[in-house]
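Lettered A, B and C in written order, each chain numbered from 1.
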Amino acid sequence: MTLPAVELRTVCFTYPDGNRALDSVSFRVAAGEAVALIGANGAGKSTLLQHLNGALRATSGDVLIGGTPLTRESAPALRRAVGMVFQDPDDQLFMPTVFEDVAFGPLNAGLAPAAVDQRALAALERVGMSHVKSRPPYKLSAGEKRAVAIATALALEPDVLVMDEPSSNLDPRGRRRLIDLLRSFGHTRIIATHDLELVVEVCPRVIVIDGGKLIADGPTDLLLNDEALMLAHGLERPHILRHRHPH
Amino acid sequence: MSQGGWSDVGRMDELGRLATPVHRVDARAKLVTTGLFIVAVMSVSRFEVAALTPFFLYPFALLSLGRIPPGYLFKKILVAAPFALAVGLFNPLFDRETAAVLGPWSVSGGWLSFASILLRFALTVGAALVLVACTGMHRLCAGLEQLGLPRVLAVQLLFLYRYLFAVADEGARMLRSAELRSAGPRPLRVRVYGSLVGHLLLRSLDRAERVYRAMQARGFDGEIRTLQRPRLRGTDLLFVCGWLAFFAAARCWNLAGLLGTLLMKGAS
Amino acid sequence: MHMADALISPAVGGTMWAVTGGLVAACARKMKTSMKDTLVPMMGVLGAFVFTAQMINFSIPGTGSSGHLGGGLLLAALLGPYAAFLVMASVLTVQALFFADGGLLALGCNIFNLGFFPAFVAYPLIFRPLAGHAPSRARLGCASLAAAVAALQLGAFSVVLETQSSGLSDLPFRAFVLLMQPVHLAIGIVEGLATAAVVAFVARARPDALFGPHACPAPDAPRSLRFVLTALLLAAALFGGALSWLASPHPDGLEWSLARAAGTAEPAAPASAVHRDLAALQARTAVLPDYGFKSAGPAAEETEASAAPWPAVSAGTSVSGLVGGLLTLGVAALIGLALKKRRTAA
C-alpha cells in the first residue's frame, strides 16, 4: 500500500489564548488527489492548513507528510515537499523582482546557482508568467500575482500543493486561468476555499469543517448537493449544481 | 520631515528601471562617483560661487543620458530646499563685509556664502536624486552591500521599500475614511490619531507575521541568500576615473573663472 | 530636523558617517548573534509603517499647527534599540534618496541625530525606567513625553554642533542654540504626545508587543549608559582628530581669493592671512564654554581681522567670476541637452 501524501491523525490544536481551533481531525489524502477544504469563516480551515507545513504544531495528534511525521526537526526538510500558497499574494511576494521571489525557495534549499535559475524559469513557464520575471511584484495585477505566488511554491518541486483561498480577488478571466491551471497539475492538491463553483470544477473530493471538527469527507457531488448539510454548516448548495443542464 | 507623496517613490522606481547606458553602469561605480562628487563639492570653500558651476555637468550629463525628466527632479529639489534656505539666509545678515565687487555693486561675503550654500545644496541633492533615478533601489542596495554595507541593513532597505507601497496604501485608505466621517480634511485629533496609527501599527505587525510565515514556508532559516551579482566591467572603471579626473580639475582650478576671464579678455 | 548637505563640511560629514557606520556595524553584529528570524520581515514592515506614519498629521490643541510621529522611540519599544536603530537608518536613507531630505553627506549626521538618541539614550535610560512593568496609561504617557523631549533636545543640539563646526553658516552659536532648542522642545512635546497615544493603544491591544521579550533587548541602565558614553567619547575623539587634521592644509577661501586676485601667491600677505584665518577657524571650532564662534559682539574685531585680506579684491576678478559662472552653467546645460539629443537620435 502506497503511503498517503498527507495524513492527519486526531489532530487537536488550541491557541495560546485558549481558543480550541481544531478538535480531533483525521483524514488521508492520496498522492495526486485534489481535495477541497470548505467551511464557514472561523471554522478552522486556515489553522488546519498551517499544520501542513509545520507553521503550527498540533497540541496533540500527528501530521504525516509522505509517511514521515512532521516534527520540529523534520519540518525544514518536509517543507520542501509541501508548497504553500497563501491567501494574500502580497505576503508571499517580498523580493524586489518576480524572478528573485520564485528563486527564493531553491536558493534556501541550497541548490547550485544554475539549478536555481533552471527551477525558477521552469516554474514561471508552468504558470505562464515568464514575461514578467524582471518586474517588481507590486506592479502585477491580482491574477498575475496569484500565478507568480503559485510559481514560488512550484519552484521547490513539491509533492503537495496547499492553497488558501486561491480565487479570492480574481476577475473572471484570472479565475478561469487559475481553474485551468489547477486542473492541469499532477500534484496532490489541498485547497481551502469559499468558491464552491471552483470546488466543483477542480476537486472531486470535499472535506467539510465546522467549529474545528471534521463534519464530512466524501465526493463533491454527493456532499455539495446535500442542501441540509450545506446550510447546517454555514454553506450553501452552489448554483452550478442547482442548475445542471445536460450538455 | 518629508511631505513628498509616497506615490512619488513609485515614479522614481519606474525611472530606476529604465535601460539606458547610465542605468547599465554598475551601481558600485555610480555610488563611488557620487560620493566623490559630493566630497569635491562640499570641500569647495564657503565663499566660492562661480567655481561650483562646472560641477553641474555631472548631474546634467547623467540626467540626459539616463532619460530622467529634469523638471521632475528640479521640483523635488525645490521641495526639499527650505531648511538650507532658512539657515543659509542668516549669512547675509551676519556677514556684511564686502567680499566682491560687480561693477557698481558690492556683494557682501554673507550673500556669497548664501549663494554658495544654495548651489551646493542643489548639486549634492541633485546628484543623490540622479543616482537613485538612474540606478533603482534594487541595484543600489546590491551595490551598497557589495561595497560593505551589512547585509542586515541591505535586506532591511529592500523590505522597507517593498512594503512601503502596501502600508502607505493602507494608511491612505484609513485616513480617507476618517476624513469622510469627520468635517473635512482637518488634521486628526490626538485620540483619533492614536487609534488610527495604532491600528495601522497592528495591521503592520500582522502583515509582518504573515510575511514571515511565507518566508518560513519556503525554507527561510534566518540567512538571506542572493543570486549571483554581475561583475565590474571596464566601462564602469572608466566611468569612475573619467569623472574623478573632471572633479579634480574643477576643484583645483576655477574653470568658470578661467572661462570668464577668457571671454572678458576676448571682448576687450 | 533633517540636516542639509549644504551646511556640513566634508570633515564633519565624514566624521559622522564614520560614527554612524560604526554604530551600524555594531548593531548588525549584535543582531547576527541574537536575532530571531521573525525580525527580518518585522523590521522591514515597521520601517514602512514609520515612513507612512510620518506622513499622517494630528492637530495640536490650542495652537493651529499639526505634528506627527518621529518613530525612533516607538521602534525601540517594539524592536529593541539595536534593530530600532537600523530601521531608523533605513527610513532616513530612503528619505534621503527619494525625497532629497537632507542629502547623502548629511545622512550620517541625520541617522545619528534621529536614531542614536531615541534608541540608545531616550529608550533605555528614560522610557524603560519611567514606564516600569505593566504601567498605567498615565505613566506610559509621561514616560513617552519625557523620552521624546530628551531625544529631540539632544538631537537638536547635535545639529547645532555639527553645523557650527562645519563653519558654512554664519549663524552665531548662541543664536542658533536659542533658535533650535525651544523649537525642538515644542516638537519634542508634540512627538511625545503622538508616541504616547500610539503606545497606549498598542499596550491595550497587544501588550506583548511592547513589553514582551525583544529579540535584542535593551541592556540595563548602567550598561546602556556606558555604551552611550563610549560612543560619544569616540565620536568626540574622531571629531577633534579629523578637524585638526584637515584644518591645516585646507585652504581657506579667503586665502585662495587673495592669491587669485593678486595673480600669483604673495608670500608675505598670504602667510599672515593664513595664520589669521587659521586662528579664526580654530576659535570657531573650540567647542563649548568660550563660544569662540562669531557672535554679534566680538564680530566687529573678528570681521575686521578677516576683512584685512580682502582689500586686494578687484572688480575685474569678480565680474569675470560671475560671467564665467553663468557661462559654465550654460555650457553644462548645453552639453546635457546635446547628450539627450544624441540619445533620442540613436
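As a convention for this text, a residue touches a chain if its C-beta (ideal position, glycine included) is under 8 Å from a C-beta of that chain, and two chains touch if they have at least 3 such contacts.
Just so we're clear, the structure is a prediction, and the values are computed from it rather than from any experiment.
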item	value
Maximum centroid distance from chain B, chain identifier (CA atoms)	A
Per-chain Cα centre nearest the global Cα centre, belonging to chain	B
Centroid spacing, where centroids are CA-atom means, of chain B and chain C in whole angstrom	16
Centroid spacing, where centroids are CA-atom means, of chain A and chain B in whole angstrom	43
Intercentroid distance (Cα basis), chain C paired with chain A, Å	50
Residues of chain A touching at least two other chains	94
Touching two or more other chains - residues of chain B	137, 158-159, 161-163, 166, 207, 211, 215-216, 220-221
Residues within chain C bordering two or more other chains	41, 44
Chain A partner contacts - residues on chain B that touch it in the complex	13, 17, 137-138, 141, 158-159, 161-163, 165-166, 207, 210-211, 213-221, 225-228
Contacting residues of chain B [partner chain C, same complex]	1-4, 6, 8-9, 12, 20, 34-35, 38-39, 42-43, 45-50, 52-54, 56-57, 60-61, 63-65, 67, 76-77, 79-80, 83-84, 87-88, 90-91, 93-95, 97-103, 107, 110, 113, 116-118, 120-121, 124-125, 127-129, 131-132, 137, 140, 150-153, 155-164, 166-168, 170-171, 175, 186-202, 204-205, 207-209, 211-212, 215-216, 220-222, 224, 254-261, 263-264
Residue ranges of chain C touching chain B (in the complex, touch as defined)	2-10, 13-14, 24-25, 27-29, 31-32, 35, 37-38, 40-49, 51-59, 61, 66, 68-70, 74, 86-87, 89-91, 93-101, 103-105, 163, 167-172, 175, 193-194, 196-198, 200-202, 205-206, 209, 250-254, 256-257, 260, 294, 296, 299, 303, 306-307, 310, 313-329, 331-333, 335-340, 343
Chain B contact footprint on chain A (complex, rising order)	50, 53, 55, 76, 79-80, 82-84, 86, 88, 90-92, 94-97, 100, 103-105, 107-109, 113, 116, 136-138, 152-153, 156
